[in-house]
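The chains carry the letters A, B, C and D, assigned in the order they are written, with residues numbered from 1 in each.
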Amino acid sequence: MIRRNTIPFGPQHPVLPEPIQLRLVMEDEKIIEALPAIGYIHRGLEKIAEKKDFIQDVYLAERICGICSFMHSQNYCQGIESLMNLTVPDRGRYLRTIWAEIHRVHSHLLALGLLADSFGFENLFMQLWRTREIILDIMEQTAGGRVMLGTCCIGGVRKDISSAQATVVLRQLDQVQKECDEILPALLNDYSVKQRTVGVGVLPRDKAHELGAVGPVARASGIGMDYREQGYAAYPDLGFKKVVETAGDCYARTLVRVKEIAESIRMARLALEKAPQGPIAVPFKGNPTGEVLARIEQPRGELNFYIKGNGTRNLERFRVRTPTFANLPPLLHMLTGCQLADVPVIALSIDPCISCTER
Amino acid sequence: MATMLSNIMKNLGRKAATRLYPFEKRELPTTTRGHLDIEIDKCIFCGACQKRCPTNAINVTRDPKTWAVNHYACIVCGYCVEVCPKDCLLLRNEHLPQP
Amino acid sequence: MLTNVTEIPVTQLHGEVWALKQQGYRLVTLTCCDLGDAHDILYHFDKDYTLKHLRLRLPRGESLPSITDLFFAAVLVENEIQDLFGVTVAGMVVDYKGRFLLSEGAPVAPLNKPIGIGIDIRAKAPVAEGGKAS
Amino acid sequence: MSTTPKLSKSPWVVHFNCNSCNGCDIEFLALLTPHYDVERFGIVHVGNPKHADVLVVTGSVNHRNARVLKNVYDQIPDPKVVVAMGVCASTGGIFADGYNVLGGIAKVIPVDVYVPGCASRPEAMMDGIVKAAVILEAKRRNPKAVQAGQPVVVRTPSAAPAAAAAIPQKEIPQPC
């Protein structure tokens, strides 16, 4: 007789860097149902944002998540700028794009490294993270922080990248590209890696749409949705090309990330070369009024901030919908019917960021 | 398998990636935000930094004239440095040493 | 700025959401704001980067019908609204019963605005279970 | 290096993500990777608290994970050292006044070493863990120091107003 068991996966699990619990209802080795239990890192950020003034909130928004920190502050600033009718100068737009794309490379390398670790390929994990350190060096040189850049501000950016720095950064990006070309084929072509990822955790296109998947998860299932196409910041000038795969399994999601790394490096290089001279920020006066749903494409997918200002220094409401929050229902679908041993790989193939999710 | 093997062979010939901290300290970029410091003689104790600090890490009193920062609450964002009217706040690029 | 907002009464919610689902819209998220005597709930939908919003005003004490039967993606956010605003959401597929983000010891409905002046809803709960043990 | 302890035994570290934004976590993971490679000090990152000597906590405490943190702490065999990594673990940092945040981890467990920074830099973390190893050695030699409630507190952040005054700070100029 097959008995049903419920296995709690997490909150402290060796493959998960963050606490999330998945309650897995099992029949032997097969998962019948999965449910997430979160709240271990709920900080109440939305309320804190109402207490601090809207300029301090830039730093708060940056700390929603340490991995995609810059893009959180960028989205927040873009939202406030649209409420206050500010136009960011061209150089500011380019610098934002450079940092955002560099950040995306670091985030994807991190995610791929953790994925490699989840199927026990520790050597590859170390190699990917070694390459990632170059990106962190770039961020430290240009912005001053390895993880928290703190460069985005309302109206533009706070720091400029000098031409001497740009030369160094271009050289370092070359190095990243070179190392990625060496390492990433091992992730894509290795027999043992394919055994663990091909055909595992399949998310069909219609399910992905219905469950609201975003980012690489949606793009791996054939939904060509990338908000960078809509051309915020400097993307319209850089000839952005989105990456779409159709298989919908863990391998396709890995492939999307690998291809996006190359595209991001290309765009960061182009933006560094093309960035026009000029001011990097515009001054502003007054307080934000009105409501807006600010959107941006983050490494994990589409990020939405609902910002409601009431004409005072404090916001009326600040709501954060992060990509992992949208990708959790698809994850539950992927887990259903798979085997317990595949749970770490599937969970890490959506690149979960629980700190984002719970805020 | 073969791709990874060639990577491993390449790594054998390569210089070690490890930074030998704390035996060798690397040269930090000048832009790095390590910890907050003050040139106290220039300070006019206006309290602008205290008001703007997102974490309330800075405490300024006018009488007696004191300026204090709790480094264990400071997020090193640099907002205070920007608003300081006398430019007396600065971010050192090395991190705060262990006491 | 938020454009393309349709204001609807609670009773029409299911019909409108069903119609949007038929047109191929994707549920982005829900946003709840506290207006004092009521909750302002926004449903954000997206199709080919075009946003469409449904807005409904829910007086305090009334329960919100769940749309998880139409969009399973709403399950997390509806639980979140139930936790943080104290709005009862009726008919959710998975109901965490107010223990989704918050646990014992955490304040109740922390994102609601304080009713009247002087009540600080953010006052911390005395001590959590871990605090007692130490 | 005068600060380098004689590690009679290599400290094994268990990492607990309490309420963190991930910034310190990934920096802590970066410690294990080739660029910093703390394994050269014999520091091993383990998953099981019963294997560990040092508990590294990132992020502040909230209502749900306070109990979990206490559990993990209790499972670590004596002598043990707790490192609060980053400002959130030390005082709550930018999240200190959140409704679901109780504050620094010192509210739940005794802390021995505080590491500043948001996010803490790997170098600062290394200093903190090296410091923890020194304290671990001291606790091992003098088991009395291990008694709960009497940790070797290296630095007290402003948990209480009185303690804040004790922090050596850049301050107090001569009134002119």
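Quick note on the criterion: a residue touches a chain if its C-beta (ideal position, glycine included) is under 8 Å from a C-beta of that chain, and two chains touch if they have at least 3 such contacts.
Since the structure is predicted, the reported quantities are computational estimates derived from the model, not experimental observations.
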Message: Based on mean C-alpha positions, which chain is nearest the centroid of every protein C-alpha shown?
response: A
- request: Just grab the chain with the largest centre-to-centre distance to chain D, centres being mean Cα coordinates.
  value: C
Statement: Contact tally winner between A-C and B-D is B-D
- prompt: So what's the Cα centroid distance for chain A and chain C, whole Å?
  reply: 25
Statement: Cα centroid separation, chain B vs chain D, in Å, comes to 19
Message: Measuring centre to centre with CA averages, how many angstrom lie between chain C and chain D?
response: 37
- line: Chain centres from averaged Cα atoms put chain B and chain C apart, in whole Å, by 39
Task: Two or more other chains in contact with one residue: find those residues in chain B.
output: 17, 54, 75-77
- request: Would you mind listing the residues of chain C that make contact with two or more other chains?
  value: 101-103, 110, 122
- line: Where chain A touches two or more other chains simultaneously, the residues are 39, 42, 44, 47, 51, 59-60, 63, 130, 133, 145, 148
Task: Could you please write down every pair of chains that are in touch?
output: A-B, A-C, A-D, B-D, C-D
Query: Across the complex, what residues on chain B touch chain D?
result: 16-19, 21-23, 25, 34-35, 37-38, 40-41, 43, 54-56, 59, 64-77, 95-99
- line: Per the touch rule, the chain D residues reaching chain C in their complex are 61-70, 97, 99-100, 102, 107-110
Message: Under the stated contact criterion, what part of chain C meets chain D in this complex?
response: 101-107, 110, 121-122, 124-125, 128-131, 133-134
Message: Looking at the complex, which residues from chain D come into contact with chain A?
response: 16-27, 29-30, 33-35, 47, 59-60, 62, 64-65, 68, 72, 94-95, 97-101, 118-119, 121-122
Field: Residues on chain A engaged by chain B in the complex (per definition of touch)
entry: 52, 55-56, 59-60, 63, 123-124, 127, 130, 133, 140-145, 148, 150, 158-159, 182-183, 185-186, 189-192
